[in-house]
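Naming follows writing order (A, B and C), and every chain is counted from residue 1.
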């Protein structure tokens, strides 16, 4: 079936940035070789950083536990190859500063830890499956890196009825999920089955943007047999944002300030589903992920299966090196990604892409006065008034900014993208959000 | 060696549609109407246009310099204000009137509020209304078109709307012309301000702006629709006293106002709902002033009055945010 | 003619009577001392006392809930006047002014990266801890300039905040907004200051900045009473800084500075003599 003629669901607002996926959409996933050292930061997820449980000099195997979770909203960390721990010290982190990391020198064997046990999901109870997911350190692979077991543990009074799989990948340039859906179809669907069992529900929907007709077709063929729906979605940014995706697929809106479970929905990334399958069936913890290395500043853009902790420079080397002088190194996509100080930091669990722009690829920013054109309001997927909030933030009037729902902003970047005055609206709103949260904490 | 990499908050790409490009597109959209008015009214029209445009740019540069701000001519807003002002002036305006208008538009209409983006009223309209009240004779001396090369002399005459109002006041009845000459109205072969004349040229420009998504349909449709509907009601009640709605549409400054003046982003509401209310208010006031007011034309006053209401409209038309209704329930 | 005079006169008379009655009926009792205090307060509504405006502070003094010496912008003179109005003894403290303890502008201090975005230090600080390599240095995007109610701060062309000792009233608004605490309060009478805010070791400071304090101890050797060194950073001991200026010449990185001889380069503020505020002296 042609996706163009399918009934495409979507949300209100958003926009159409140039998608830039042509760089890497047709590149099959390649396995990235072993670097000389792996830098595995302890902070790779939302929540408390993990606590190292190995000493310098310890010999580890691929998949060995090297850091324990601290508290419930946290995740353990495992060695991504076999080798020796040569340092536990602050190293450059994608956050833009040096943070504690476990440095491993690979022995080259890349052998899995023998103590990891495979299991048949059919033999395990929901609780056992969840424990398995928690122990494997699975976090949201879409980029937010929220520990998955927390999402799978709704309070008893919240009735979950729908599992949504996020295969939208609306961020321009990124193609990691797209390739996963084409090449790891079986694993994703198996992960969905496990997730359904954990949540004790039947309904599962995979949401995919219509610009990936091959993925829609591939998944649809297999999913029908397992009673999993595949929903084609209109190509529009930010279709893959959790709240927008829920709105498009179920027509429900997550109330302001609450989580999707409030409307009976759990959303998981397709990459997370595949990782869950590997964790349960093969006993393999989350030690690698697919990363799209792309952008005009890369000679030969690729989709690589990368061990967590591989330095960005090494990834660039695998892709033919830099194409010209880099001006901006972005971890993630161009709309929500984080700029990097150098290529020293490693790829971590939330690294969906590495995007490099040269100077000529950067937009010209000469912030002028707001001309009240209202485009930011039309583009905002939350229907906020970004320009108003930003204006209040500039005057440090945070109560007024809060009244205009600054805290509901999902920082998708639509307003800044569309602003003719090239105002850094998202940055102003982020600033207001931080101030409002700080104020709330002191009250 | 310093790090030459750029770091910034996301997003890292931009649509490329910047303020100067938006302004440039509006200027392009005004070109057909401007060209046609120069054709119909000849050199006097060209000189009004040049004085207004260069005057506005000059005063903009001057005030930026006085206030020690970077000179903001590159954003094109001053040139646009100048062109819009010129299109709102009679072709026979003396040079000093045009220059004075430019000063009012930029200094009083825009810069005293802080420049682009902060002015509550449309600068070109502020200037037009100040001139209309201060220099009623010069601002209502209309000439009949004398197309370039036709050899005709410009003769003093009245605008169709002016003629209508005088006749209704004197006789209580519409004059003959009100029901004829629609072809002339369409092409702009009638007396009026530079830009009030050719309906086709203005519509062409308006369609270009809609196509380029510089403006949305809400204000023009609400504005023109309201004028047509209310005009039609009066006409239906008493066709010998009130003109037919097409006459409302094609004469005077309705199209110029609805497509180019009321849609000025700075002075109109930011939400779609707000824009509909704004357009409706403009239309209502325009018809009321035209039919019952002291001035034959009400578009400028209507838009200025609604400009004043814009902050209020914005306050009451805040968009419903995602998940808000559910949060209250 | 007569009718119009009567009408207008009548309206006027009616309005006058109505206003008179309203003024009597709705009059609010105000302590005359409150008005007198409001009169002597600077009226800048800067908030340095901790209340949003001067009116509130005047009320609080009269109510006895706040002391009369909490208005730094007013200075000793104002405190004395308020004390006189309230009939209490003045508890004046030495006037203080704010100083930006950094000279590392965009030329002297190296950049960690090229910053693009909101012209605001707090916003820039959130991106990889700010665009300068030195973690303590002035970011120079002017958050303090916007916070200052007295127009006493400017950013030099090279991107460094400089505070006028003449216009600063000591309200401490800039201190609250600076994300790196570069701004410190100092006695107005002291003109010699260590203009560095880096706690890094000397080698690192040298790498990041040409004018940073490398904690070489020389200032402490030539004027032991006047300097202390803590966390690799020298500070003037303002209580015993009689001969602090002797170290200015000796400092190898020129991070000790005497404001009596002028503001850092690139500032438009005029030099002032030690401890004086010209417009107050006049």
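FYI, a contact is a pair of C-beta atoms (placed from the backbone, for glycine too) under 8 Å apart; a residue touches a chain by one contact, two chains touch by 3 or more.
Just so it is clear, the model here is predicted, and its values are computed rather than measured.
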item	value
Maximum centroid distance from chain C, chain identifier (CA atoms)	B
Innermost chain, where centres are averages of C-alpha coordinates	A
Intercentroid distance (Cα basis), chain C paired with chain B, Å	48
Cα-centroid distance, chain A relative to chain C, in whole angstrom	45
Overlap residues in chain A, where contacts from two or more other chains coincide	96, 339, 341, 365, 424, 427, 430
Residues of chain B touching at least two other chains	3-9
For chain C, residues that touch 2 or more chains besides their own	112-113, 116-118, 123, 126-128
Chain A to chain C touching residues, read off their complex	95-97, 339, 341, 365, 367, 394, 424, 427-428, 430-431, 434
Residues of chain B that touch chain A when the two form their complex	3-19, 21-22, 72, 75, 77, 114-118, 265-272, 318-327
List of chain C residues in touch with chain A within their complex	112-113, 116-120, 122-123, 126-129
In the complex, chain A residues that touch chain B	15, 17-18, 96, 172, 243, 247, 253-258, 263, 325-330, 332, 334-342, 355, 357, 362-365, 368-374, 377-378, 381-385, 387, 404-405, 408, 411, 413, 416-422, 424, 426-427, 430
Interfacial residue positions of chain B with respect to chain C in the complex	2-9
